[in-house]
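Data block below; observations after.
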Amino acid sequence: MTTTTTPLETTELESKVRSYSRSWPVSFTRAQGSTLTAEDGRDYIDFFAGAGALNYGHNHPELKKVLLDHILEDRVVHGLDMFTDVRRQFLETFRSSILEPRGLDYTVAFPGPGGANAVEAALKLARKVTGRESIVNFTNAFHGMTLGALSVTGNSLKRGGAGVPLVHATPMPYDDYFDQVVPDFMYLERLLTDAGSGLNKPAAVIVEAVQGEGGINAARAEWLRGLSELCKKHEILLILDDIQMGCGRTGGFFSFEEAGIEPDMVTLSKSISGYGLPMALTLIKPELDIWEPGEHNGTFRGPGPAFATATKAIELFWSDDELERSTGTKGAFIESRFNQLAARFEDHQLVVKGRGLARGLEMPSGELAGKVSSLAFERGLLVETSGPSDEVIKLLPALTIPDDQLTAGLDIIDEAVAEVLSA
Amino acid sequence: MTTTTTPLETTELESKVRSYSRSWPVSFTRAQGSTLTAEDGRDYIDFFAGAGALNYGHNHPELKKVLLDHILEDRVVHGLDMFTDVRRQFLETFRSSILEPRGLDYTVAFPGPGGANAVEAALKLARKVTGRESIVNFTNAFHGMTLGALSVTGNSLKRGGAGVPLVHATPMPYDDYFDQVVPDFMYLERLLTDAGSGLNKPAAVIVEAVQGEGGINAARAEWLRGLSELCKKHEILLILDDIQMGCGRTGGFFSFEEAGIEPDMVTLSKSISGYGLPMALTLIKPELDIWEPGEHNGTFRGPGPAFATATKAIELFWSDDELERSTGTKGAFIESRFNQLAARFEDHQLVVKGRGLARGLEMPSGELAGKVSSLAFERGLLVETSGPSDEVIKLLPALTIPDDQLTAGLDIIDEAVAEVLSA
Amino acid sequence: MTTTTTPLETTELESKVRSYSRSWPVSFTRAQGSTLTAEDGRDYIDFFAGAGALNYGHNHPELKKVLLDHILEDRVVHGLDMFTDVRRQFLETFRSSILEPRGLDYTVAFPGPGGANAVEAALKLARKVTGRESIVNFTNAFHGMTLGALSVTGNSLKRGGAGVPLVHATPMPYDDYFDQVVPDFMYLERLLTDAGSGLNKPAAVIVEAVQGEGGINAARAEWLRGLSELCKKHEILLILDDIQMGCGRTGGFFSFEEAGIEPDMVTLSKSISGYGLPMALTLIKPELDIWEPGEHNGTFRGPGPAFATATKAIELFWSDDELERSTGTKGAFIESRFNQLAARFEDHQLVVKGRGLARGLEMPSGELAGKVSSLAFERGLLVETSGPSDEVIKLLPALTIPDDQLTAGLDIIDEAVAEVLSA
Amino acid sequence: MTTTTTPLETTELESKVRSYSRSWPVSFTRAQGSTLTAEDGRDYIDFFAGAGALNYGHNHPELKKVLLDHILEDRVVHGLDMFTDVRRQFLETFRSSILEPRGLDYTVAFPGPGGANAVEAALKLARKVTGRESIVNFTNAFHGMTLGALSVTGNSLKRGGAGVPLVHATPMPYDDYFDQVVPDFMYLERLLTDAGSGLNKPAAVIVEAVQGEGGINAARAEWLRGLSELCKKHEILLILDDIQMGCGRTGGFFSFEEAGIEPDMVTLSKSISGYGLPMALTLIKPELDIWEPGEHNGTFRGPGPAFATATKAIELFWSDDELERSTGTKGAFIESRFNQLAARFEDHQLVVKGRGLARGLEMPSGELAGKVSSLAFERGLLVETSGPSDEVIKLLPALTIPDDQLTAGLDIIDEAVAEVLSA
C-alpha cells in the first residue's frame, strides 16, 4: 500500500478538534500487542496503549478468540440492559475474581459506553443520596468531557470549551501540591469544620489515585487513607475514579488497593473490556444504590462483545498475581531508567513520577517535553505528554509489553531526551 | 438448556437502576435479524431493535463478515483520534454516499462512543460559537443522560436524577402540542422579538424530527421548516438530534431530509455502526467548526470495528433507494393496521402516530399500554412503551424485518390490545 | 440662584449608570405635593411620583409633621430588628387598618430597605418551603436588580448587566400577551401537567397585578384568579409583587384586591413609608413563615422615621374609602382623555392602558414616546416611558394630585402627542 | 411608663426571622449618642451602634439640625437618580474631603439603599468588565443577603437560606486562617498560575479589611498589599467591601488606607449617611465605569435627607484628623482592657482581636460568649457576638462614645466575663 492516499486529504472531512493525529501524522492500519503498524508498513512501539484503554495490548490473541466466537455464534451484540448470558457471566466473574478476593462489596451499574458516563452516574447518585449539589475535586484532575464530568476536571482549555460557567465543584490541592509544606487536607478540613467558611458542604469528593492527564501525579497511600477518613468523618461520599488507573495499571486491579481504602463508588472504563471496546462500570456500595429503575439509562449499556472479552480478560490476568508482580517489576525498571536519566541531566531537574506502569518524566517545560515526544515518534515510539503545561512525558505501556520492546522504547526516550537537553 | 441459572440471581450483582430486564425477565443469548433467542431456546420477534440502534437487524451477515475480517486481521480496534485506514474509509464513504448526494456539507467530529457525547459536543460548540449559554429545547424531548444532555431532556424522572438544578434550557411546545389551536412558534417567536420577555437569547435550538422517547411524535415538515427559518432569522443555531431517528428510521438517511432543511449541527449515533457497536458523530457546518485541537476529547473516538461495519452498512443500504422505499411501504402497512385497530376500538380513542418505521399507538393510559407490552412479551414479541406516561406502544422494528415477522408481530399486538381493551 | 453650578459638572463624579438625569437635565431642589422645583426656580408637574414611591405626593404636610416630631424627639432612627415603639405601632396599624379589614392574615418580614430585598426574601422563603429552586415569572416582569430579583425580571438590557447567566426562572406569557388568541395559562398548565415537559416544577410564581416597568399592562381580575387557582392546584406558591402597584396605586390598598385572591406572599415597598423613605415588607402567610431567626437579615430593617410616616399614612389615607374612590375617578378621567387622544389620532393606533392611577398610552414606537416625554419636560411636565421598547407613556401621578394639576399635565401630553404625531 | 404594651404581643405580627429582638427583648423608644432608652425608661449603653451604621452615635445634634432643615424646607426627599442640589453637594464634598485628600480617583454609583445593593452592583460591573463569572471570596466573609451578595458570604445558615445552590464563588483562606503556618496566598496564587487547577479564573476578589460578622478578623496591612499585588498581576479586580469597616471604623475613613492600596471598587453603606439612614455607594475606578445608562437601577438611589446628613457628617468629622486619632486612642484602650482580661483568665485562652474601634474578644465557645452578651444586657449594655460560632464578643461602639460610657461598658463586660468564666 502506498501513501498516495495521505491522511491529509481526510483531515478536511474531520472536525478541527482532532488532536492525536496532529502529533502522529501517519495512518495506522494494524496492531498487535505493543506494536502499531502504519499504512506504509512501519512499526511503532506503543507506550501509550490507547491512553490506558489497552492494558493487555492490542488485539490479544486469547481475547480475540473469544471475541470472534461471540460474533461468529451470533450472540447478542447490542442488548441495552436486558439480561444476556454474557452480561451475567461478566457480573459473576467480576464478583468472584475481582470483588470477593479483595473483600469488596459493590453493586455494578452499566452507566453507558465511556468513562464520562461512569463519572456522570456516580455524581448523580452521590447527589441523590446526600441531597447536596457540591463536589470537591482536586487540582489537575481529569474526569471527562461531558458537562457534569467536565465540571470536576481541572484543565482550563477543556473547561473553557463548556461554554457555560462550570459550577458545583471546588478544587482542593492534590497530594504534594505544595511540596509538602502544608499538612494534608489542612485546607479542606478547615473549610469543612468552619461553619463560616463559605464552602457548600459537598455531596462527594472525587479523586484519582494517580492522576494521569494531570501529569502522572501519584498520591501516597497515606494521603488516600487520610482522605477516606476525612470523608467518613464528615459524611461525604468518596468516589474513586479508576478509569485510567484501574484494571492493573498501578499493579493491583484497583489503584486504591495499596492504600487499603474502600471508596463509596468506583468508576471503571478504558481497559475493562480488555480489547479497547467501549464499556464502563460504576461500582456502588449496596446501601447507596437507591436509584429508581431507569433513572439513569442509555443505549450502549449491554455491549455483548465487550462483556465476552472483559470476562475472559479477568480470567486470564486476574486469577493469580502474576500480572501484578510483573507490573511492579516493569514499573521499577522504568523508574530506574528514569532515575538514571535524571541523574545524567541533573542540571535540568527532571522529575521522575508515577507508580506501577503509569510513569512520568517531568521535563523543564512543555515545549521540551513536546520535542522529546516528536523525536520519539520519528524514531518509532508513540509516547504522549500530559500535565498542566504538557511538560510530563507520560508512559502508559501495555502491562503485557515484552521486555525487549520496553527496553527499546526507553532507549529511544533516552536518546530523545539527550538530544533535546543537549541542544 | 435449562433455566437453572436464572437471571434473578444475577440481579443482586447489578444496580437497581436496570430497567428493560424488569419488563422482559428472561436472559437472551443469540440474535439474528429480527429474532432474539432466550437461554431457554424461545424465540422473540424484535419490534424494539436496540431502541433504534439496530436498524439493519441483529448481526447482519454481511456486516458480520466485515467485522470478523477486521478482527481476524488485527486491524486497529482502539485508536482514539489517531488516523487509521478504517477511519478514513468511513469518512470518505460517509461523505460520498451520504452527504454529497444530499447536497450537505458538514465536517465530522467523533465526540465519544454514545449519543449523549454527540449532544454534549454540539451544545458546547454552539455555546462557543455564539457566546451564549441558553438552549431552547422542546417538550418531551430526549437527548441523553449526561448533565448537559439531560438539561435539554424533558422527562421529569430522569431530570430529577441529576441531583442539581438543570439550568440553561427553556422548553418550548413541540409541534401539535396544543392540538393545532396555536400557531406554530407563536410563543417562541414572541419571546425572541420582545426585548422584555425574560428569555435568555439562546445559543441553539435542539430538536428531534420525530420524538421517540417522547411518544413517537412526528413533527410536520412545514413545522421543521418554520423552525429552521426562525433560527436563521434570529441567528440561533439549529441542532438536529438524529440519534434515534437517523440512519433511515423515518425513510431517508436523515429524518430531516423530507423537510428540506439543513441544520447547523446534526447528531448521529445508535444505528450508525450498523451492528449495535458504540459510535457517535457530531456533524458541523464547516464555518462553525472553530474548535481548538483537543478542546473536546475522549477515549473511545476511534472504534475500528464500528468504522468497518459503518462503512459497509452505508455501502449496502445507502447506494440506492431500495431501503428508503421499503421503509415507506412497511411503515404504511403498520399505519394501516393501527388505523384498523383504532377503528375497531374507537371508543377508546387510540391515537395512531409516527412516520416511516417509527410508529406509535397511543393507549388511553400508561397502565393499559404496559399491559399490552406484557401480553405481547408473553406471546413472543418485544415491544416497548414510551411517552410522558408510557402510554404509547412504540414500534421501532429493524428496517430489514421480513414481512412475515412484521405481520406476525402486528398480529400479536392486535391480540394484546384486544385482550386489554375488552377486559 | 443662577445655573452657574450646572449639573453637568457633577456628572463627572457620578457613574455613567445614571439615567433619569439624562432625560431631565436640570437639578431639583424643592418638592411639594405634585410639584418639583428646579434650582432655577422653575416648577414641574410630577406625573412620575418617584416611580410610584410617592403615592401621597412629595412631603405631605401631615406626614412631615410626624417625621419632624420623630427626629426632634430623638426617637430611634436606626434599629435593625430590635423592638421599638414605632415598629410596634406600624405593625399594629398595618394589621388593624390594612390586613384585618381585608380579611387577610400575614406575618410581616422587614427584609431590608428596598423592593429588591422584599423580592429576594420572598424567593428565598418560597424555595425553602417547597424545596424547589425554579420560579415562573412573566414576560415583561420587573422585580428588581439584585441577582435573585433580576433573574425573574424580563428586560434584556438589565438582565445582560448580571454578568452571569440568569437561571432558575422560566418566563410565561402575561395576560393578553397574544391578543387573546390563546386561552389563559394554556401553556403553563400544559407544562405543569406533562411529566415530560422539561419544566422544572416551580417553587413559586411571581407576578405583578399591573406591570409598570413592563408598559402598564393590567392583568384582568379573572386572569389573576385563574393564576391563583392554578398555583393552588399544583401546590406552587403565589408571590404577588405589589411594590409599584400596591399602597393604593390601582385603587385598593393592594392591587390584587379587585381579583379577590389571597397570594401566599406579597411584597411591598416604594410608597409604604408614604414619604419616599426606604422601607420594604414581605408579607407571608403564617404557615409558610418557617424561617430560622436571622436566616435572612440586613442593616436597614428598622427605619424609625419610615415606621412613623408609614403608620401615619395608613391612618390618614386608609381609614375610609375616600382615596380609593378618588383614585378611581382620577384614573377614569385619564382614561377618558387618553381615549379622546387615541380617537383623534386613530391612524396611529395609540393604545390606552392601565388601571387606577397607573395609566399608559402606547405610542407607535419608543422613539415617538421619547419625543413626547421630552416635549412634555420642556413644557414643565415630568412623565416617563416604559415597556420593552420604551414605547408607553407612563403616568404614575400622586394619588393626591389636585384636579387642576392633573388636567394641566394631561393638556401638556395632548400638545406633545399632537406635535409628535403631526410632524 | 408601664410595660403593659409588651413587645411580646407584637411578635406575632412579625416573621420568625427577627433576631436582635430575641437577644434584647425590650422595646426601645429614644436614642442619643451612645445611649438607647427603652420604653420602661431604662438606659442602655450601646456598644453595637446599629451594627456599624451609627459611627457618629444616635441622632447626632448637628446632623439632626441639617436633617430637620432639609425636611422643614421641603427639599427633595425622594429623587431616584435625578439631579438634586443635595446630591451634587454630597458628591462634591465626598470628592473634595474624602477622595482627593487620599489621592483616590473614583466615580460614584448610587446602587440602591443598602449595602447588599452596593455589593451586587460591584459584582455585576466586575463581571461585565472582565467577561468572567467567578468571584474569589474569603472564609468568614459577610457581604449581604441578596442572591449575588450571599453567594460570596461565608455563613452556612445564611447560605442555606438561599434555597438554590450558591455558585460562581470560591472561598480562599483569609489572613491568618491557618495560624501563619502557610504563606499568604500560597493556595490562591498556585491555583491561578496552574492551568490545570480547575479554578475558574475570577472576575474579582472581594474582601473586607476587617471581617466584622466573621468574628472581628483584622487582616494585616501586608496581607492586603499582597492581595492587591496578586490581583494586579493576574488582572483580577479587587473589590474592597467597606460597608461595615469604612467611615472611620478602623481609624481612617477607609479601612484600607493603612495598607496603602487602591482597590478597583469600594462599597460603602451603613455609616455613610451619618444618621443611620439607608444609603449606599459603589466607588468605581473611572476606567472601569463602562455601564450603560440604567443598566443597574433602583428606586431609592436619591435619598435627599441622607445626602444632607452625609455631607454634613463629612464636614464635621473628616475635615481634620481628630476623629481618626480619637478612634486610635479609644481602640487602644479597649485592646488594653481586653489584654488585661485575657491575662486574668489566661487558662481560658481568650483571644483579643481587631483594629481601631472594631474590637473582639474571642471566648472559648459561642455559648459562653452568648452568656456574656446576656449578662451585659441585664447590666445595661448592648453588645453582640459574631464569628462562625458566635464565639466573639463584638464591640462596635460609636466612634464618638464618651470615655466614661466606654469605660462603664467595658466594666460591665469585665464583670460579665468574670461571672461566666468563674461559673
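Going in written order, the chains are labelled A, B, C and D, and every chain counts its residues from 1.
Simple rule for what comes next: contacts are C-beta pairs under 8 Å (C-beta built on N, C-alpha and C of every residue); 3 or more make two chains touch, one makes a residue touch a chain.
Fair warning: this is a prediction, and the values are worked out from it, not measured in the lab.
Q: I want to compare two interfaces, A-B and A-C. Which one has more contacting C-beta pairs?
A: It is A-B, judged by the count of C-beta pairs in contact.
Q: Select the chain at the greatest separation from chain B, using centres from the mean of Cα atoms.
A: D
Q: If you average the CA atoms of chain A and of chain C, how many Å lie between those two points?
A: Each chain's C-alpha centroid was found; their separation is 58 Å.
Q: CA centre of chain A versus CA centre of chain B: separation in Å?
A: From the centre of chain A to the centre of chain B is 30 Å.
Q: Enumerate the residues of chain D that touch no fewer than two other chains.
A: 133, 157, 164-165, 168
Q: Any idea which chain D residues touch chain C in the complex?
A: Touching chain C: residues 5, 7, 10, 12-22, 24-32, 36, 39, 50-54, 58-59, 64, 67-68, 71-85, 87-88, 91-92, 94-95, 107-110, 112-117, 120, 123-128, 133, 144-149, 151, 157-158, 160-165, 168, 203, 243, 269-270, 275-278, 282, 284, 289-300, 303, 305 of chain D.
Q: For chain D, which residues count as touching chain A in their complex?
A: Listed in rising order, the residues are 133-134, 137-141, 152-157, 159, 165-171, 173, 177-178, 181-183, 186-187, 190-191, 194-201, 214-215, 387-389.
Q: For the complex, which residues does chain C have touching chain A?
A: Residue list for chain C touching chain A: 164-165.
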